[in-house]
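The same chain A turns up in both complexes below, where it pairs with chain B and then with chain C.
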Partner chain A sequence: MKLSNIVENLSLEVKTGENNLQNDVTGAYISDLLSDVMANGKEGNVWITLQTHLNIVAVSGLKNLAGIIIVNNRPVQEDVLQKAESEKVTIMSTPLPAFEIAGKLYQLLNG
Partner chain B sequence: MLREFKADLHIHTCLSPCAELEMSPRAIVKTAIKKEIDIIAITDHNSAENVIAARKAAKNTGLTVLAGMEITTSEEAHILALFDDLESISKLQDIVYSNLMPGVNDEKRFGEQIVVNEKDEVLDFNKRLLIAATDLSVYSAVNTIHSLSGLAIASHVDKDVFSIISQLGFIPDNLKFNALEMSVHIDRKQADALFALYNSYPWISSSDAHYLADIGKRTTTFIMNEPTTADMASALNNIEGRRVEWG
Partner chain C sequence: MDETTEGSFQIIGGNFGNAGEASMQLKSKLTELGVNEAIIRRAAIATFEAEMNVIIYAAAGRLHYYINRDKITIKIDDMGPGIENIELAMQEGYSTAPDWVREMGWGAGMGLPNMKKNSDEFRIDSVVGEGTTIEIVINLS
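Coming up: the complex of A and B.
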């Protein structure tokens, strides 16, 4: 499934990386520990997290993730958004908590 | 004789992937002396390979360089480890390296990890994934530091990432930190208001410098006898007239 379908179906707000929405999504991984995502995130995964540290951009790039969904409408600092834009990392945002957005995404991917 | 020692106990060198290239041990020592600092600690992420160079650069200058490290625990909390001697930090480094997440540093994404000598000459590029976490829990990290007779200080407890409070929600009672560190982002008044719950711990504040210009932006003054971790521990606990002041 294309990232753009997910954005549309889950009403995500795209904060950076508008041009990467044609990326194929292979699944999702939920974690707030950067090192855990470095160890267990898989290429093409959407990463669901509340972690907004600058290093999320590096981790996403390193693992070739399809994009990052920030939950609970957590604010993302401008320097993180700028870095994500320049590294072509897609950051999306949702008002939903992780459990709910994950449930919806699971249904969408496996429905 | 008790006197004041101005200390900045949290300084990264060019070995930390997130620190600027100009943070060579020699430049750090020079800057610290210029800012009339008496004690610094070199505290790179999960490594201490630039400590020796900083010590050599500070030889015969009057500046004390503590052998330190900033450990990333399995919970991704940052903990400062401070020692007087190179032997302890070397033992700690062995333990940290054997517990560090495997992988090779991606210099383009995370930054370079440069090991230098006291003359700013490049000796090596550390290939380990120093930005990542270790398998050491906060408990084993603190216990390991104490078993090597070092000071264990919870880094920047006011920050909303990589601090013991951001990662665990609160500081467990049975975690025996020698002190909590407040970052430059918070002043004494704010710290008093926000962290009254933790006023049974001694507090310090330091710069967490990643850039030369950051060094000494925040210091803690130790009123004590000599610049050793033992005397610092006494100052943190207000023993025999020793004490600490900041902010």
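Coming up: the complex of A and C.
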């Protein structure tokens, strides 16, 4: 499924990486531990997390993730958004908590 | 790939903003060289965890990588504080990271194990008060 379908169906706010929305999504991984995502996230996964600091951009870029969904509408600092834009990393945001957005995404990907 | 491709980075402790620079450069060099994607993934994970450890724990350090026909070699040395018990530090889940680092989602005790898991050869030496040296080798064939 294309990232753009997910954005539309889950009403995600796209904060960076508008140009990458045609990327294919292979699944999702939920974790707030960055080493866990480095170890267990898969290429093309959407990463659901509450972490918003600079290092999420490097993790997403190094793992070739499809994008990051920030939960609970947590604010993302401008320097993080700029880094994400320059590294072509897609950051999206949802008001929902991780459990709810994951449930919806699971249904969408597997329904 | 007859010649050696190499790169060298200074890493400053506490500088979280630059984390990933060495790993990103190594990843793009390996991509240019047409290295197998699974190997690139392993190199990126091991290098990033090594960078993070210097940033989290040390005052400063250096990272060098060398790529030749047979293998990727990544060497990291830092200026302290050193690891008291390497065996314990290698255990998954063990960490001495302070709370504020854990709140960032680091310090889960996965760094060194992740490095080792993604290496074909992994060497670590540490002297308390002096620093830690790590050598990671990933075979290309």
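Rule of thumb we're sticking to: the second predicted complex is superposed on the first by the 111 of 111 C-alpha atoms of A that agree within 3 Å, B and C clash if a C-alpha of one lies under 4 Å from a C-alpha of the other, contacts with A are read in each partner's own complex, and residues count from 1 in each chain.
The rule is simple: contacts are C-beta pairs under 8 Å (C-beta built on N, C-alpha and C of every residue); 3 or more make two chains touch, one makes a residue touch a chain.
The model shown is predicted, which means the values in this text are computed figures rather than measured ones.
Student: Quick check on the superposition: with chain A as the shared anchor, is it clash or fit for chain B versus chain C?
Tutor: clash
Student: Applying the document's definition of touch, where does A:L109 land relative to chain B and chain C: first, second, both, or neither?
Tutor: neither
Student: Spot which of chain B and chain C makes contact with more residues of chain A, would you?
Tutor: More residues of chain A are touched by C.
Student: By the touch definition at the top of the document, which applies to A:L10: first (chain B), second (chain C), both, or neither?
Tutor: The answer is neither, since A:L10 touches no partner chain.
Student: Using the touch definition from the top, say if A:L33 reaches chain B (first), chain C (second), both or neither.
Tutor: Both partners, chain B and chain C.
Student: Classify the contacts of A:L81 with the two partner chains as first (chain B alone), second (chain C alone), both, or neither.
Tutor: neither
Student: Would you sort A:N55 into first (chain B), second (chain C), both or neither based on which partner it touches?
Tutor: Touch status of A:N55: both partners.
Student: Show which residues of chain A both chain B and chain C reach, each in its own complex.
Tutor: 33-35, 38-39, 51, 53, 55, 58, 61-62
Student: Any idea which chain A residues touch chain B in the complex?
Tutor: The touching residues are 33-35, 38-39, 51, 53, 55, 58, 61-62.
Student: So in the complex, which bits of chain A are touching chain C?
Tutor: Touching chain C: residues 31-36, 38-39, 43, 49, 51, 53-55, 57-59, 61-63, 79, 87 of chain A.
Student: Write out the stretch or stretches of chain B touching chain A in their complex.
Tutor: 72, 75-76, 101, 103, 106, 109-110, 129, 131-133, 161-162
Student: Quick one: in the complex, what on chain C touches chain A?
Tutor: Of all residues in chain C, those touching chain A are 16-17, 19-20, 23-24, 27, 41, 44-45, 48-49, 52, 104-106, 108, 110-111, 114, 117.
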